[in-house]
Amino acid sequence: MVSSKENPTHSINGNKPKIRIQDLTVRYSDGTESLRQINLNIPENAITVLFGPAGGGKSTLLRTINRLNDLADVVELSGHLYIDKQDVLSKDCDVIALRRTVGMVFARPVVLPMSIRQNLTYGLELAGIHDSSRLNQAVEDSLEAAALWEEVQDRLDEPAARLSGGQQQRLCIARALVLKPEVILLDEPTSGLDPISTGKVENSLQELKEDYTIVLVPHSVQQAARVSDYAAFMLDGRLIEYAEGKLLFTKPGDQRTEDYVEGRFG
Amino acid sequence: MTQPPSPPSIVKPRNTQRRNLIQRLGYIGLILAAIITVIPIILIVVFIYSRGLPAISIEFLTAMPRDGMRAGGIFPAIIGTLWLTVGTGAIAVPLGVGAAIYLSEYAPDNRWTRTIRIAIINLAGIPSVVYGLFGLGLFVLFLQFGTSIIAGSLTLAIMTIPVIISTSEEALRAVPNSFRVVSISVGGTRWQTIRRIVLPQALPGILTGVILGLERAAGETAPILFTVASFFLPTLPASIFDATMALPYHLFVISTQVPGMPIQIQYGTAVVLLTFVLGMNGIATVIRSRARARRQW
Amino acid sequence: MESINWKEYLITRMIKVCGYSAIIFVIMIFIFLLREGSATVIEIPPDALFSTRWYPIEDYFGILPLIGGSFIVTIGATLIAVPLGVCCAIFIAEIAPRWIREILKPLVELLAGLPSVMLGFLGILVIAPAVRSILDIPTGLTAFTGAMLLAGMAIPTIVSVSEDALDSVPRTYRDASLAMGATKWQTIWRVTLPAARSGVLTAVMLGIGRAIGETMTVMMVTGNAPVLPTGLGALFKPARTMTATIAAEMGEVANGSVHYHTLFFIGIVLFVISLLINLAAARIVFRQQKRAERILS
């Protein structure tokens, strides 16, 4: 039996929902990291944080939003996930277009084995944009937004592998931005980074949220508390609690949330 | 005051000496094995070059043979081998690399895929002379191509495909999966990902495998015995439906079937064949080490 | 975009066809061998077919001496190649310093690329006379000579596959053994080699498969006397393998004659033998993979 507290189809003051998740259930063939009956609304132009102990389903949820799950061995997938009015789980969803609308940044910075510029133009060329002035402008804009432009503007044609870890991750953020998505998903984006780079990334996110909807899986509770406008606590594939960030981390409603935030388990 | 316990003795006990002796003897044995294996290789190369280089001249390489192969050059054999190598490559490379891409990037983990892999392992193990029989039965007789370059190339190609598949698949799998995930996440299709990222990164490995596979094909005699090779041809082949001479077959015949064959010519032919093999090995090695140095992952 | 979808679909289909081509080839080979060779079963009664005299001119088609010839030459080659090859692999993988590895591996690869006809050539000119004078026997063209050269062809396969297997034993195994006070030698024999057991076994089987399937080398140096080998002394007498028989006699055979069909039949026998060896080797590999997955999950 599902209590209303465990699966809030809540209303949140302020931003209207960009992503609406209804009764989402995902199961992998080896039983790990599943999702059970998730109901969640993610507001636009805000940072929503999905946090919780390992194996709770956070990454799975993230990867369902841009259908990256299609690459994995999924045995059950039911429910609906609406971005604006479009159910991305339905058969007539154009997955390629979806992935351009939803950008993703992974935990370890993965730069493609090409130059910095080519890393960014890759997605654009796939989308059929070949006009070099448009490409160059997009490269500059996205690097600015990721706070990387000044550091690399003179070496755009060098291999991206030569950048430092923090720079590579910001390049990945730029790559996620270059297609002008509406939603940005970040899966532990600062887990390999030093505190200074982490700080730079977190600051960029605060600026980016003005124009994008951001969903973030943090790599620590502290980061979650720092950056979240809204926060969702997930445990064992279920959504336990969801509220505004300030509220959730100071006065959690559910005992389990409080235990996790206080560090009693995790 | 009680004494603190004495630390455990780490002085070497006596049987350490015996252990070390065994190890030393064992190492010597292994080194001997390596030397016995490797010295003959060097000897072979040195031997053939020392006996055969004197026979090499421009005439030897570019002239047609005379006097029943006992004089003149071996030009038609060289050309024939080149033709066959190109023909084999033209058939085996697309099929082999295509199959490798299928296995590495597309194939699901089911019974059919396992059957394909078993088939490949089997193809790799079939004796070369059986390939010759197969080529005779299918291409020369049934499809009536006759002894021709096309029959030989097709036979050699099917023989070479398993080699190309396994080396290519290894090269493709070595490309980190994270690249593929990134490409998909920005809206790439599977083929776009392969064409733009996976294949270019795997190219040096694939190329090395192709070169080594073709080198093997160029040196084989048994598959071409019944499918393409001729000993005495007055003219060069004009089309792929003609028979041709070939270096390995030529070496075989002049060293076993022709009385009074000057030893110089035999060694000379061996030198040409060996140089071909060494050359391809060398190219493959160079490609491999340069790629390793420039790799961006 | 519509056009991308259509192109993508076409390319994906073609790649899938390439993937399945291996199965098609194996089936084709089997069919065409059967087509020409199955008549033998009707034309020659089993007791004649499996008798001990192979003398086609007088209608003796007993294939046992040929099977025996292949057998003895392969056994001889295995006895030489396996110890040398495995020890060489252990040396390269576990003991040799980097610079020696860099020299040895290309050399072994070179040996792998040497055409069989070249080894046969050297066999006739150099090795057989040496064997004759050193062992003081009537002729140097014996099964032993063939075995030696075959070992040379099988060793590269054994070395490279074994070396891969030894390399892929996880570092942690060796570290754990050394941490318990074992010497490096003890670690190799008690930990690393057993852990790589199935890979090395696969290497040996592939090497044996290579030896059985060799044609030109044995044809040139084993003396071509189709006599059933009996006892150890037969190793130093001439013999005839199945492969050499096909290669030597196919050229002089009338299309459709009993002899012709029998040669194809021998081809079927070879095909089946290599199939069995390779299936066994594949079984080992697959079973090892499953076990590894269970351990690592």
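As written, the chain order gives the labels A, B and C, with residue 1 at the start of each chain.
As a convention for this text, a contact is a pair of C-beta atoms (placed from the backbone, for glycine too) under 8 Å apart; a residue touches a chain by one contact, two chains touch by 3 or more.
Being a predicted model, the structure only gives us computed values, none of them experimental.
Comparing mean CA positions across the assembly, the chain most remote from chain C is A.
Distance from each chain's C-alpha mean to the overall C-alpha mean is smallest for B. The centroid of the Cα atoms in chain B and the matching centroid in chain C are 15 Å apart.
Chain A and chain C have Cα centroids lying 54 Å from one another.
For the pair chain A and chain B, the distance between C-alpha centroids works out to 48 Å. The set of chain B residues that touch two or more partner chains comprises 189, 192.
Put simply, chain B touches chain A in their complex at residues 176, 178-179, 181-189, 192, 196-197, 201, 295-297. Those residues of chain B that touch chain C in the complex are listed here as 19-20, 22-23, 26-27, 29-31, 33-34, 36-38, 40-42, 44-45, 47-48, 94-99, 101-103, 106-107, 114-134, 136-138, 141-142, 158, 161-162, 165, 189-192, 212, 215-216, 218-222, 225-226, 248-249, 251-252, 255-256, 266, 270, 273-274, 277-278, 280-281, 285.
Interface residues of chain C, counted against chain B in their complex, comprise 4, 8, 11-12, 14-23, 25-26, 28-29, 32-33, 35-36, 83-85, 87-88, 90-92, 95-96, 104, 106-111, 113-118, 120-122, 124-126, 152, 155, 159, 183-186, 189, 206, 209, 212-216, 220, 243, 246-247, 250-251, 255, 263-264, 267, 270-271, 274-275, 277-279, 281-282, 286. Residues 66, 68, 71, 96-97, 99-100, 103-104, 106, 108, 110, 112-114, 122-123, 126-127, 159-161, 175-176, 179 of chain A are the ones touching chain B in the complex.
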